[in-house]
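Got some structures for you, see below.
One chain, chain A, appears in both complexes that follow, with chain B as partner in the first and chain C in the second.
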Partner chain A sequence: MAGLGTVDRIEPPRIDDSVSLAAEALVRKRRRDRIVAWLQLLPGSAFFFAFFLLPLLGLLAMSFFSLVDFEPVVDFTISNYAEVLTSSVHARLALRTVQAATIVTAIVLLVSFPFAYTLNFVFRRHRQLLFFLVLVSLFGGYIVRIYAWRSILGNQGVINQGLMAFGIVDEPVRELLNSMYAVGASLVNFLVPLGVLPIYAAMQNVSPGIAEAARDLGASRFRTARQIVLPLSMRGVRAAAAFVFIATLGEWVTPRLLGGTEDLLIGNRIEYYFGASLDWPAGAALAITLVVAMGLAAFAIMSLMKRLAR
Partner chain B sequence: MAIRRRVIGAVIALFLVAAACGGDEPAPTTAAAEEMSVCEGTTLSFIGLDGEAGEAELEAWREENNVTLETNWPGNWPQFVTAIKVGDVYDLATIAYFQAQRQIEAGLFHPIDTSRLSNWDKMFAGLRENVSLRGADGQVYGVPIAWGDGPYIYHPERVPNPPVSILELAEPEWEGRFTLFDSAIWLFSMLAVALEFDDGVGELTYVTDEQMESIKEEAIKIVRNAAGFTNGYQEATDVIVAGDSDLNINGWEAMLTWAEEQGETLDFDFFVESGGGGWWDGLAIPVTADDIDCAYEYIDLMISDEINAQVGENLVSGVVNEVSAELAGPGAQIYDYDLVRPEVPEVSFRDQSPPEDDAAEEGIASYSDWLETWEEVKAEL
Partner chain C sequence: MTAVTGSPPSPGGWRRGLAKLRRRPIASSGFVGVVLIYLFAPLIVMVAFSFNSSPRLSFPFSGLSLRWYEEIFTDTLVLRAFRRSVQAAVVTAGITGVLGLLAALGILKIAKRARGFILAISAAPLAVPGLLFSIGLAIMYRQIGFERSIWAATLGHALIALPFVFLVVGASLERFRFTLLEAARDLGASRWHAFRTITLPLILPAVMGAMLLAAAISIDDFVIAFFTAGQDKTLPLIMYGRVLKGIDPTLNAIGTVMLLLTTSLAFMAARRTTIGER
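Moving on to the complex of A and B:
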């Protein structure tokens, strides 16, 4: 039929084709979004890979090295782990460290939860200011803060001078400084912001209306916090507990500068291996063991708190 | 303070070099400066403790010979070991008595040919012959430039009756009143003498494994009584000045000067019933050295008469050169130089360290045993 004077008819697009085109566009968009998402992840992942994962893998490799003339050499051995896991010194220090971490975590949570609750439900109008004050406390340097505690708790420090001025004691209380109290006070001071932030973030998802409803129905503020807000913000509490517990497990500077001779923790033992003993493979084995222990501890805390929340 | 010392040191060094160049009979120590230096126009790289590379004392000589000195301190001894082990090039390094044997055994340094040091024979024999300078092969690996006698430092108003034995610090009256370094060497060595396991004379401290158990028990009592550990001489001074401690077991006479600057008067003394000991800091030539000839010349200058006198004064430490002892200022004169004269063996300078692992005989506690026992002491408190 096709002949002179005839024009090819343009077929209108069929519905199937339209759907297919739209689907393809959607697939392309999703692919583009995925690429963008991966690109967004790239800087953080690259940093994490280069400055955490790679060194950790290096540490893991070194933990299986042998030590010859104080030099780690590539000669596979598990003796470093055998030493780490069978040493009575490590057992004692690990127990002391877990005790300290548990106490510090408990205190930080007891301080952080009411603070975050007050911030979110009581002083809502001023919460930006209060939140800023929490952040401000992070501004002071870590070491500066430790030395500040030295001048607060020392024999000629603020507390002792105050106690003597009021006639409560005749001579300075030496036990304030160079003790686990000093270590604990400094760690709590340093870690409270790390406790408040995740709990406060989790509480943002709890509608103030729910808390108000509980109050209207006669629940006290304490009961509202315990039975309504706590279960709903448990994810933040778990994260806070994990942050604080893990941070305390790895501590070695605070016990060295504020603790007494009886207050050194497992982190100080790692410092010893990398320092005085020059036995880096054994130090690496202990550090890796501590990392694994921290992972297990974090998992245990998360599980325990999830169970408690039910 | 350090800047003032360096400036004064530089002025003195400049004056001495100028005087020597202008004299008819130049002093032997400056003869090297007059001759063509093998270091002419080079850069000398040093790794080690601040103030121990002749920064001030040899500034004029470096200018004269167009020598550049690069100083590096990696922050701590393990990093120091690593830096040399990974092959970083350094021509000179600090070698400190308490690390010397470990570092020599770790193969960080070249042996020193003492015949290349014109001032070597002027060194006090107690230092020159000291076993701690030598490796297991008997060769010298370090050249001392300064030394000290390891006193304890205390606050005289708060400690009217200074202790004479380390064992006194285990008594209840000392509870929470003193501090110490987190280090086994001095404490264990003094306990070995106080418990009569070692006579405190001669080289190194030898105790049996069994005796080490007794030392550990006493150490636990003392360390439990301590207020805390201090992390260096400056911190130890600050802690006493702040009133948080009355005494620090590990001392250096320079702490008195630092305390004076803060308006406090401290004093030093010795646990005379627990043996004496001392320390030395020196220079060594790392195996990565680029310019060994220059390193030898520089070391020789550092132990020469006038320069070493300045080193002693600037570091508030004993000088190592017998002639320098007469030239040195008051900072270096507070030391009893009989300690480094072996003809007075009962008080002679000795390294309190234990034997290194491969040098310890069967049944004798080695360096690693001491370190491990110290860790047990801290864990068992």
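Moving on to the complex of A and C:
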């Protein structure tokens, strides 16, 4: 504003050519900017194409290959799908996997939502620090965490030692490790941060004033969370549910290391096809089936939760 | 907590007392505490046992010692894996830093509709489970005849880390004041000169943070390396192999070293990218 006084000292430009010249220069600059922008996007996009889309297409193609002498051969057969879809083992594993994913998702949401809520509305002053801890735990130690549960749940583990020291049991409880409980405890453990993240992010759009007003008008904390904050942060809850559900469906390391020999998930079967059995086409077909099922599941969760939010 | 429900308007003192009570939610502290303990307990136990002098995973400690660290730092298998993990992390950070920064700069200047499309597509790897992506990658490598190696795994790491870098750098560029850049250009600075002296210094903390995050993702990865690294075993692969073989006290020490690497990288990354945002 201070510079306005100097304007009248500048000679008024002749409108006809200088303006059109300036406009032309601007248009040229815009066009050049846009070309530069696409050039800047090019390397990343090429990388994305080569190392993400091509592998997924390769997976799709492989599912139609046939297996000759343990070597995948280019082919177009649906026998792999017939094989994986009719196997009773797969039906049982798929059922267990969906069951596990549903339970894990429910538990993670039941922990993550109140946690994000408490962070955002109760401990508002320390929420940065607390969120920070969650963020750090999200990127710290996938295999390390799975392993660490062995030292907690094992026969010589912390829990069994404690139980025996207090005389609650005489023998270590063997069911703690190598069971679905161990798998569940570990899965929930590293998926909670993944659940908190989107819910907490969505809550940033809920004004603390709204929650406070509800509280001042006499609503309990639970009612405020359920009727005011939950509908407003539903997007985050849905994203968290989909993330966690999909992550559990594709999980195989946790059941391999913490589950018993029986308690395996469908992911272990895919790993088996690519590892021990060397039947890549069948593994690919099973994986593609899983992707399709996952898409349907994610869609179902989304619409179910949309209905629940109403 | 429910005492407030339906309470009549009351004189100041009483009401303030109630409000104070509300502000000291014991149940909330307890809940947050329990969740945090649950999140960190396995890690704390593992770190503690890594200093236990007895090979048994049991309390009470028979004594403190560094023998497991000594063992792993003289174990050439572990050392080689450690070097490979670090190499993969550094290369991943480098690739994603360059590609992510370029793409984040580019997406600002293109039409809105294309921008939305690219943003949505770029997040797709986050929704695909590591297992499916890894076997797809293994299939592609096999079809083009690219040997399984640490490089094969590293390229996979770069791919899954790229969306994070792209989104984090993009978020920081959104807060960047482009008028500064325009002023420099109007004063005669070249595109490159303006970028190097104005844009880069201002967004460098976010780019560095994002690259640290990419390094943490690379070091933490197990699944991609499992399917694509072949004989070039990284630290998580060594851990997996030893866990399958049975109880091995060196695992606590290896796990602690890995945990230190990933969490300190994630910690530094989070500090650079989240703190100071508000």
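Note that the second predicted complex is superposed on the first by the 261 of 310 C-alpha atoms of A that agree within 3 Å, B and C clash if a C-alpha of one lies under 4 Å from a C-alpha of the other, contacts with A are read in each partner's own complex, and residues count from 1 in each chain.
FYI, a residue touches a chain if its C-beta (ideal position, glycine included) is under 8 Å from a C-beta of that chain, and two chains touch if they have at least 3 such contacts.
Here the structure is a predicted model, which means the values were calculated and not measured.
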Under the stated touch criterion, which partner chain does A:W38 make contact with: chain B (first), chain C (second), both, or neither? second
Using the touch criterion from the header, give the chain among chain B and chain C with more contacted residues in chain A. C
Contacts for A:D75 in the overlay, against chain B (first) and chain C (second): which applies, first, second, both or neither? neither
Return first, second, both or neither, reflecting whether A:V122 touches chain B, chain C, both chains, or no partner chain. second
Could you tell me if A:E24 is touching chain B, chain C, both of them or neither one (first, second, both, neither)? neither
With the two complexes superposed on chain A, say which partner A:R174 touches: chain B (first), chain C (second), both, or neither. first
Which of the two partners, first being chain B and second being chain C, lies in contact with A:E212: first, second, both, or neither? neither
For A:E262 in the superposed arrangement: first (chain B), second (chain C), both or neither? first
Does the superposition put A:V144 against chain B (first), chain C (second), both, or neither? second
Considering only the touch criterion stated at the top, classify A:F47 as touching first (chain B), second (chain C), both, or neither. second
What residues on chain A does chain C touch that chain B touches too? 150-151, 154, 156, 257, 274, 280
For the chain C and chain A complex, residues of the former touching the latter: 1-2, 4-7, 22, 25, 28-29, 31-32, 35-36, 38-43, 45-46, 49, 56-59, 95, 98-100, 102-103, 105-110, 118, 121-122, 124-133, 135-140, 142-143, 155-156, 158-159, 162, 166, 191, 213, 216-217, 220-223, 227, 236, 239-240, 243-244, 247, 251-252, 255, 258-259, 262-263, 265-267, 269-271, 274-275, 278
Chain C-facing residues of chain A, complex: 33-34, 36-45, 47-48, 51-52, 54-56, 58-59, 61-62, 111, 114-115, 118-119, 122-123, 128, 130-152, 154, 156-158, 161, 165, 186, 189, 192-193, 215, 218-221, 242-243, 246-247, 249-253, 257, 267, 270-271, 274, 280, 283-284, 287, 290-291, 294
Chain A-facing residues of chain B, complex: 76-78, 81, 85, 102, 105-107, 176-177, 182-183, 223-224, 226-229, 231, 242-244, 368, 371-372, 375-376, 378-381
Give the list of chain A residues in touch with chain B in this complex. 69-71, 88-89, 92-93, 150-151, 154-156, 172, 174-175, 177-178, 256-257, 259-262, 264, 269, 272, 274-278, 280
